[in-house]
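Below are structures written as structure tokens.
You will see chain A twice below: alongside chain B first, and alongside chain C after that.
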Partner chain A sequence: MQFQSQAVAKPYFIAAIGLFVGQILFGLIMGYQYVVGDFLFPAIPFNVARMVHTNLLIVWLLFGFMGAAYYMIPEETETELFSPKLALLMFWIFLVAGALTIVGYLMVPYATLASMTGNDILPTMGREFLEQPLITKVGIVIVALAFLFNISMTVLKGRKTSISLVMLLGLWGLAVFFLFSFYNPSNLVLDKYFWWWTVHLWVEGVWELILGAMLAFVLIKVTGVDREVIEKWLYIIIAMTLITGIIGTGHHYFWIGTPEYWQWFGSVFSALEPIPFFMMTVFAFNMVNRRRREHPNKAATLWALGTGVMAFLGAGVWGFLHTLAPVNFFTHGTQVTAAHGHMAFYGAYVMVNLAMISYAMPMLRGRTANSGPAQTMEMWSFWLMTVSIVFITLFLTAAGILQVWLQRMGSTPLGFMAAQDQIMIFYWLREITGFVFLLGLVLYIWSFFCKKGEAQTAA
Partner chain B sequence: MINNTRTSHEIHATPPGDLAIWFFIFAELLAFGVFFVAYAFARAHNVELFNESQQHLNRLSGAINTLVLITSSYFMVRAVAAIKQGYSILCARWIASAIGLGFVFLAIKMAEFHEKFSAGISLSTNTFYMFYLSLTLFHFMHVILGMVILAAIMLKARNGSYSPANHTGVETGASYWHMVDLLWIILFPLVYVIR
Partner chain C sequence: MSETFTKAMARNIFYGGAVFFFLLFLGLTFDTMQTLPKRDHRENITDSVVRGKHIWETRDCIGCHTLLGEGAYFAPELGNVYTRRGGPFIKAWIAAQPTGAPGRRQMPQFNLTDQELDDMVAFLKWTSEVNTNKWPPNIEG
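Right, the complex of A and B next:
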């Protein structure tokens, strides 16, 4: 750790992992409800479990991004953070607000929560991923603004590198596009239209900039390759991301009441979205092959390489699978989407956060890398989580293809629930694989407490 | 006049300009390429509609614009030749002429758009007009981006930042500008002429 103020990243990373555990537990609850419908009813109905699962994911990724920014930016700008105190204050505000929101979801019916939190003043609730009560949304904006102020001031007073500028652009974009969550037109088509401006332009736009910057940072650190080379790659990747991703929003506009030209725009541009992800994979492997030092943190390198591969597979390949309008005509809103969602979120955003945490946490605890046995354990957790997400994706893809076939094709299509009964086996397999994923996550956490072997302190 | 025979016989081991621009050019060509294929695909399913709607396009302004862009590209060739001989100011002037023709292109194109929009034509009129408008608008934006790149290079050339030994920037901009030209050379016959 080169700068004292980088230490504020630590609570952010710990909270991120804690919430990650919560996300997986609710995923397992929900996965079980897929096969045993009344499990935990009426205490935790399916819709609540789903809301908690997805909201926890978003919140912990945000904690991860913020922690990453607090860790990276001082090192990139070669100056202490503008205000470590503000960063810690915002940490507690965000954590408490997040926890209260989750408690709210679990303790009171959603409609009651809505009326308790002033949803009648400005109705923003009830939309997938943006279910947060109005006060939580306002809280998120305040935390985000304080965070951006802190980071931007740090960049302004220090060295300006491409990595910190791309990171800043991504983070500002994240905040700006979140503002569309306050816009909720009563026309359902317009509502969905702008809802995607938050949801799509986050994960297929500005978050990719954050991903690129974080990956580039970790790669510079573990490979020692020249900054110039890495920065050029970063620029090409983000240019491609924005060219394909922004108009690629159109792939969500099929069959929801928007003009027909979106079928062409969406298909053409989003078909090219795998390219920046592919470049990221080539970039990661290329940099590691050209490494000029042997960094003792092998686990972090593994996570960084894994991010490239899995993001390409999950976001790129599985996204392309159903992005063309004629294909999407059949697959829209089926388990194919769920398959893509799981591998893309894991491969891109979960893994890049774990790569950053894996690299930064030992540093924050005063060592260059964890001991050999601890790293071996962490690599086991990498393979357990990664392989199980691959299988979860394959099972859901199989379920999705069968669902399309049974429910939407053929001469005597089945009803939704009848089709679900036919594909139950895949939901069982998915649930079992989910426990393997949990095992991987437990090992990941355990590796931080592994006492065996000597931690390495010299680079 | 500057003799550029010397440069035309030079053999490049790598593409001229910064390698990064070639990744970018490749990606741009791919995006347009997919769009052109989509156009061909859509046309094959609706030949009559495409042929009928095509009649209403202004082929004359399209043809003039083709000449304008080709000439502008030629000016960029002169700009690269000039800087290779060390004539910074001359290089900047050639780039300025190339940008000037860029403005001519934009003006003619805007007149054409004005005519179409006044006639009530939009992206939703029919599939042909959807392609016509999106392809030409998409290209229009690339002309603007190209002009911005050229303007940046022109300013640097005027300040004397380039030399016969170091003129990668000029070649980078010229490469991009030629791509913008090339796209129009494909787009014009494809959308305006071929039936």
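Right, the complex of A and C next:
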């Protein structure tokens, strides 16, 4: 750790991992409800478990991004953080607001929660991923603004590297596009149209800038490759991201009431969206092969390489699979979508956060890298989680293809519930694999407490 | 990457590309906004439809169902449920939940009034009339 103020990243990373555990537990609850429908009903209905699962995911990824920014920006700009106090204050506000929201979901009927929290004044709730009460949404904006102020002031007074500028752009974009979550017209078509300005323009737009910047930072650190080379790659990758991804939003405008021409724009541009993800893979491997130093943190390098590969598989390959309009006509809103959602979120945003945490956490604990046995344990967790997400994706893809076949094709299509009964076996397999994922996650956390072997100090 | 291709060139492609394609996106959005009224039949969005959407949202129906293919995949598509089942069935169904059948997926009881049930149906009816380019592939959704 080169700057004192980088230390504020630590609580952010710890909270991120804690919420990650919660996310997976609720995933397992839902996975079980998929096979035993009345499990925990009516205490935790499926929709409640789902909003806890997905909102915890988003919130912990945001904790991870913020922690990453607080760690990276001082080192990149070669100056202390503008205000570590503000960063800590925002940490607690965000954590408490997040926890209260989750408690609200679990303890209060959703309709009651809505009327308690001002949803009748400005209705924003009850839309996928944006289920948060109005006051939570406002809280997110306040925390984001204070965070952006802190980071921007730091960049302004320090060295302006490309990595820090790209990170900043991505984070500002994240905040700006979140503002569309406050726009909820009573015309469903308009509602859906602009809902995607938050959801798609996040994961296939500005978040990829954050992803690229974080990956570039970790790669510079572990490979020692020249900054000029890495930053050139970074710019080309994010250029391709926005060139393909902005118009690529059209792959969500096929069947929601929007004009037919979106089938062309959406299909063509989103079919090119795998390119930046492929470049990320090539980039990561290329830099590691051209490394100028042997960094003792092998686990961080593994996560960085894994991010490249799995982001390409999940977003690139599984995205492409259903992105052309004639295919999407059949797969739209099936388990194929869920399969893609899981591998893409894991491969891109979970893994890049874990790569950053893997690199930064030892530094924050006063060492260059964890001991050999601790790293071995972490690498085991890498393989357990990654292989299980691959299998979860494969099972859901199989379920999805059968679902399409049974319910949407042929002359005597089955109804939704009848088709679900036919593909139950894949939901069982998914749930079992989910427990392997949990095991990987437990091992990951365990690796932080591994006392065996000597941690490496000075590099 | 070759030496003649500099970081400054890469940066310019990024800024130029981002601005160009964002403006194109705004242009397409503008055009879409002009054509939408003919496709979403907004003249039929009555007060009842508006209230229905509000009930849809405050019960988080999207947390189990898809609506025009977006949402959760735990329960049937409802964008065309009005065509599939009709208004009276929908009202009776919602009022009868949960089924309590052991091991079967359960839908909560929302205690909606008759007026609220009518609003819900009005919203689903309006939704089923949106021009979705012939999606879903068949009546099962």
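Quick note on the criterion: the second predicted complex is superposed on the first by the 459 of 459 C-alpha atoms of A that agree within 3 Å, B and C clash if a C-alpha of one lies under 4 Å from a C-alpha of the other, contacts with A are read in each partner's own complex, and residues count from 1 in each chain.
Operating definition for what follows: contacts are C-beta pairs under 8 Å (C-beta built on N, C-alpha and C of every residue); 3 or more make two chains touch, one makes a residue touch a chain.
In this text, all values refer to a predicted model and were calculated from it rather than measured experimentally.
Peer 1: For A:A271, using the defined touch cut-off, is the partner it touches chain B, chain C, both, or neither? Pick first, second, both or neither.
Peer 2: In the superposed model, A:A271 contacts chain B only, not chain C.
Peer 1: A:I243 in the overlay: touching chain B, chain C, both, or neither? Say first, second, both or neither.
Peer 2: both
Peer 1: Answer with first, second, both or neither: which of chain B and chain C does A:N119 touch in the superposed model?
Peer 2: So A:N119 only meets chain C here.
Peer 1: Per the contact definition in the header, classify A:G453: touching chain B only (first), chain C only (second), both, or neither.
Peer 2: neither
Peer 1: For A:D38, decide between first (touching chain B), second (touching chain C), both and neither.
Peer 2: second
Peer 1: So, does A:K232 touch the first partner chain B, the second partner chain C, both, or neither?
Peer 2: both
Peer 1: Contact-wise, after the overlay, does A:E260 reach chain B, chain C, both or neither (first, second, both, neither)?
Peer 2: A:E260 contacts both chain B and chain C.
Peer 1: Which one hits more chain A residues, chain B or chain C?
Peer 2: Counting residues of chain A touched by each partner, the higher count goes to C.
Peer 1: For chain A, which residues lie in the overlap of the chain B contacts and the chain C contacts?
Peer 2: 232, 235-236, 239, 243, 259-260, 265
Peer 1: State the interface residues of chain A toward chain B in the complex, per the touch definition above.
Peer 2: 232, 235-236, 239-240, 243-244, 259-261, 264-265, 267-269, 271-272, 275, 279
Peer 1: In the complex of these two chains, what residues of chain B are touching chain A?
Peer 2: Residue list for chain B touching chain A: 20, 23-24, 27-28, 30-31, 34-35, 38, 42, 123-124, 130-131, 134.
Peer 1: So in the complex, which bits of chain C are touching chain A?
Peer 2: Its residues touching chain A are 1, 5-7, 10-11, 13-14, 17-18, 21-22, 24-25, 28-29, 31-32, 35-36, 39-40, 42, 45, 49-50, 53-54, 56-64, 66-77, 98, 100-106, 108-110, 126-127, 130-133, 135-141.
Peer 1: Using the touch definition up top, name the residues of chain A that touch chain C in the complex.
Peer 2: Residue list for chain A touching chain C: 30, 33-34, 36-38, 41-42, 45-48, 50-51, 110-111, 114-115, 119, 123, 125-128, 131, 162, 184, 186-190, 192-193, 228-229, 231-233, 235-236, 238-239, 242-243, 246-247, 249-250, 252-260, 262-263, 265, 329-330, 332-335, 337-338, 407-409, 413-417, 419-420.
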